[in-house]
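By written order: A, B and C. Residues from 1 in each chain.
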Amino acid sequence: MNQVTQMPSSCTSAVSAPQPAFPLDRWWVAGFAWELGDKPLARTLLGRPMVLFRRPDGRVAALEDRCCHKELPLSCGTLEDRGLRCGYHGMLFDSEGACIEIPGQDRIPAKACVRAYPLRERDKILWVWVGSTPDSLPTEEPPPYPWHADARYRFGGDSFHYNTPYQLIHDNLLDLSHLGYVHLKTIGGNPSVHMNAKLEVKQQGDVVSVIRHMPASAPPPTYVAAWPFKGLIDRWQEVEFHVSHLLIWTGAMDAGTGNIDDPLREGFHLRGFHGITPETESTCHYFWTMATNPHPDKPDVTQVVVDQTAATFHEDKTVIEAQWNNQRRFPDRSQVDIHVDVGPNRARRVIDRLLKTA
Amino acid sequence: MNQVTQMPSSCTSAVSAPQPAFPLDRWWVAGFAWELGDKPLARTLLGRPMVLFRRPDGRVAALEDRCCHKELPLSCGTLEDRGLRCGYHGMLFDSEGACIEIPGQDRIPAKACVRAYPLRERDKILWVWVGSTPDSLPTEEPPPYPWHADARYRFGGDSFHYNTPYQLIHDNLLDLSHLGYVHLKTIGGNPSVHMNAKLEVKQQGDVVSVIRHMPASAPPPTYVAAWPFKGLIDRWQEVEFHVSHLLIWTGAMDAGTGNIDDPLREGFHLRGFHGITPETESTCHYFWTMATNPHPDKPDVTQVVVDQTAATFHEDKTVIEAQWNNQRRFPDRSQVDIHVDVGPNRARRVIDRLLKTA
Amino acid sequence: MNQVTQMPSSCTSAVSAPQPAFPLDRWWVAGFAWELGDKPLARTLLGRPMVLFRRPDGRVAALEDRCCHKELPLSCGTLEDRGLRCGYHGMLFDSEGACIEIPGQDRIPAKACVRAYPLRERDKILWVWVGSTPDSLPTEEPPPYPWHADARYRFGGDSFHYNTPYQLIHDNLLDLSHLGYVHLKTIGGNPSVHMNAKLEVKQQGDVVSVIRHMPASAPPPTYVAAWPFKGLIDRWQEVEFHVSHLLIWTGAMDAGTGNIDDPLREGFHLRGFHGITPETESTCHYFWTMATNPHPDKPDVTQVVVDQTAATFHEDKTVIEAQWNNQRRFPDRSQVDIHVDVGPNRARRVIDRLLKTA
């Protein structure tokens, strides 16, 4: 693993402003591989304004988005073979944040550097490490995500920006009972089927799983469009929460044609990757892909599924941002829990515990 | 009078955030009957975010605009026979704020409720009661407004939103001397006529009246368009301030053809209803109607009058919002009073006294 | 010099809100002569909201932009022979801020006045004096600017608004090394020429001069468009910083054809006037003109030069506003100085000293 070059403390210290509390000592999703082209990308992650870029040799890097001279964002600069050149006075920084050229000046002061953040590209996903202290460095590689390269699947995705705290998206994804009210026109279907599905919540360490089975239920519009079901379906939703991302496996078989507990079961299904990374205390990024197994008779189903997923997530965004705006209008009010909150509450307790022990 | 069902204190308590001071123990205008259709209406009144709706049986209701589960605004939900269903997880609330269904869960916790506000519909006007304490409940019905149903009149109106504190609109309406400068093109006319009109200010309890007579004056453009005056007119403006609304009777006769002190006098005239309800400390709603007696030769005069009134109020809105923005640029500066301020100052003293004794 | 009429202290006192620190005891640029037409002009200068206007007799005036009655901005009013009439109730104010008419009221209270600010028009530039105390009044006229009336020159200009503190524009203009990175397409040219130019910084009292000579360099696009150079050029940039404005003389001769230290040297050149006046602590006005000596073969060069200057300043505005936004994202972080900062740092020390001794 490539280590960050040793820097003066001015370049490794945390930003000076007080930071919201996030569980920082882990890999978080910074975006997708295809977002880094011939221009640097400005993105604030975990309260840190960063510039992400890919050098001509293909390696990716993340720096604090601030030239140490006059503080222009480095994302206003230009990419060169050796690194990123500032757009104001042309200072050139390498991937480790060291200034390697000051036009018109021979000596480069030791302080002329910016903080670099470890950034990895794995299975088309970019992962960044911030760390709660300068000593907190990655001890292992970010997790693999095999479905992006699995020949049986096709996938698409997008990067969304939400004006809500990131945990409200956890709540939403860990409680798919809302599908019947929020997503009637796409993946929803009959509300009472969703609200009465058999629900199982499990936890292993910091991983919370919510499993819902809806046997012999009517297929919702997206499913009908994507697969030639014969009638009722045995439908499943398996949500696996990790602190920095969720894996959601949903799908269905013609009712009675398979074992819904078989991990190798076939039928129409979707593998969702959901990287949810705080931008600030009250805003976040939602990096998602949806992979599906196209039916031989419906080769174009992937685009249909991705388009409908995007539409679905826009419905969620509308609801969650309305929810957040309303929570701010009613500060310090308590909520009444109902049966669907078991999974979301577990995830919140995981993060609460990580913050307390940090 | 239908009472609000007894609720747990969590549902009757005031919102938790500190509230600006309004004289709450009275009916305030919440809107007009025709605004409640097949969708719930979100409106913040007196600092309280509310959802207003009409049930299929015709009855109207107002609830706190916040589902007690995950805090989505209830105004994002849908109307049903029995009440309002939240758009996130489908909890159903009746007109009294009680949750009467939690999809997928049999037991409804006692805390599952939202605050209801007494709402009345009378003579096409919606009136809401907030109350300064949970014990403050209406002791009488809201006032009638006969002109909306009087066969001699036709009326129209609208709901405006102002980015100004509500009392600046009182100031404006209790001092119609501004007509000569702000409304030159519509109801204004010669400024000096307005500034030199005979002015009488009276007070009875919390009701302040400002009466201005402009005998033998030139008719302004709106009057000429609306009525076949023969030449100069005897014109009157009678403004009656109540804490929650103003009644303004303006009109004119051909000069010398009637007694301007006769309460039954005819001629062209306008009955204005002006419900001015704080939204927040610095914003408000302005609910107005204008009723007029169409001249037989000018049956379409009502629409002309309403359109010109709307144009006039937009002129006022521009001036008052500019005034308010400027007051914020110059905080804590004192104003120099002139002769026209007698009426507005009386009204301000009424509200000051109500706030002190509250 | 016309003195401000003696006013009650309520009309000469500073605005009540705490003011940011500016060196006030001097003339600052308020705009250009041609900006004052038949309507009053609202402009906040040095933290003071003002209305600027020209009376029908041609004289210019500046008043606090707030009617002393109900606080409508006077800039919403109308110009008359005797002064400025408020657009709400018609109070009329003269150029010295005295109320000289209250419609409908004979007596004018002594307090009915607004603060007036000395305003001068000289060589097409408007200069305003705020003063750090009520006793601070101009002791001399604002400086002349002869190039606006010099028959050898043609000029054009504009008033820009920047969402940045004013000193960031000083930094920018006192360090023209940025031309090679920010203004590649217009006045820039080869970056290394700029970064390696011979630099001389001088100071005389509060005036800081930065002189850069670039002998035998390639002419940038704007120069080529404006003048028939034969090849390489001897190019100069002479920047003279005064606290309230900068004078910038730039130009070039065919290489080797003249003495670059001769103050009467000819060749293509530009005389820039840059009035930079704080609006608030974090925003400012940038009033600029660019005068040039058109080549006989290129009579239309002035418009080309002014258009390209405007384009250049828009490039600067983009960079400087991005810089400022970023500085706010990284509060309290120190900057690393490089060789080009000598001039800007001198200017900052001048202003720091003026604020300390104020």
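Everything that follows uses one rule, which is that a residue touches a chain if its C-beta (ideal position, glycine included) is under 8 Å from a C-beta of that chain, and two chains touch if they have at least 3 such contacts.
Which protein is which chain? UniProt says A, B, C = Aromatic ring-hydroxylating dioxygenase subunit alpha.
Just so you know, these numbers come straight off a predicted model, no measurement behind them.
A.B. asks: After a C-alpha superposition of subunit B on subunit C, what does the rotation angle come to, in degrees rounded to the nearest 5?
C.D. replies: Subunit B sits rotated relative to subunit C by 120 degrees.
A.B. asks: Counting residue numbers used by both copies over all numbers at the interface, does the subunit A-subunit B contact come out same (over half shared) or different (under half)?
C.D. replies: Under half shared, hence different.
A.B. asks: State, to the nearest whole Å, the distance from the C-alpha centre of subunit A to the C-alpha centre of subunit B.
C.D. replies: One centre to the other, that is 48 Å.
A.B. asks: Among the residues of subunit C, which ones contact at least 2 other chains?
C.D. replies: Counting only residues that touch two or more other chains, subunit C contributes none.
A.B. asks: Could you list, by residue number, the parts of subunit C that touch subunit A in their complex?
C.D. replies: Touch list, subunit C to subunit A: 171, 175, 177-178, 180-182, 191-192, 194-197, 319, 322-323, 326-327, 329-340.
A.B. asks: Looking at the complex, which residues from subunit C come into contact with subunit B?
C.D. replies: 10, 15-17, 49, 65-66, 68-73, 76, 85-91, 102-105, 109, 111-112
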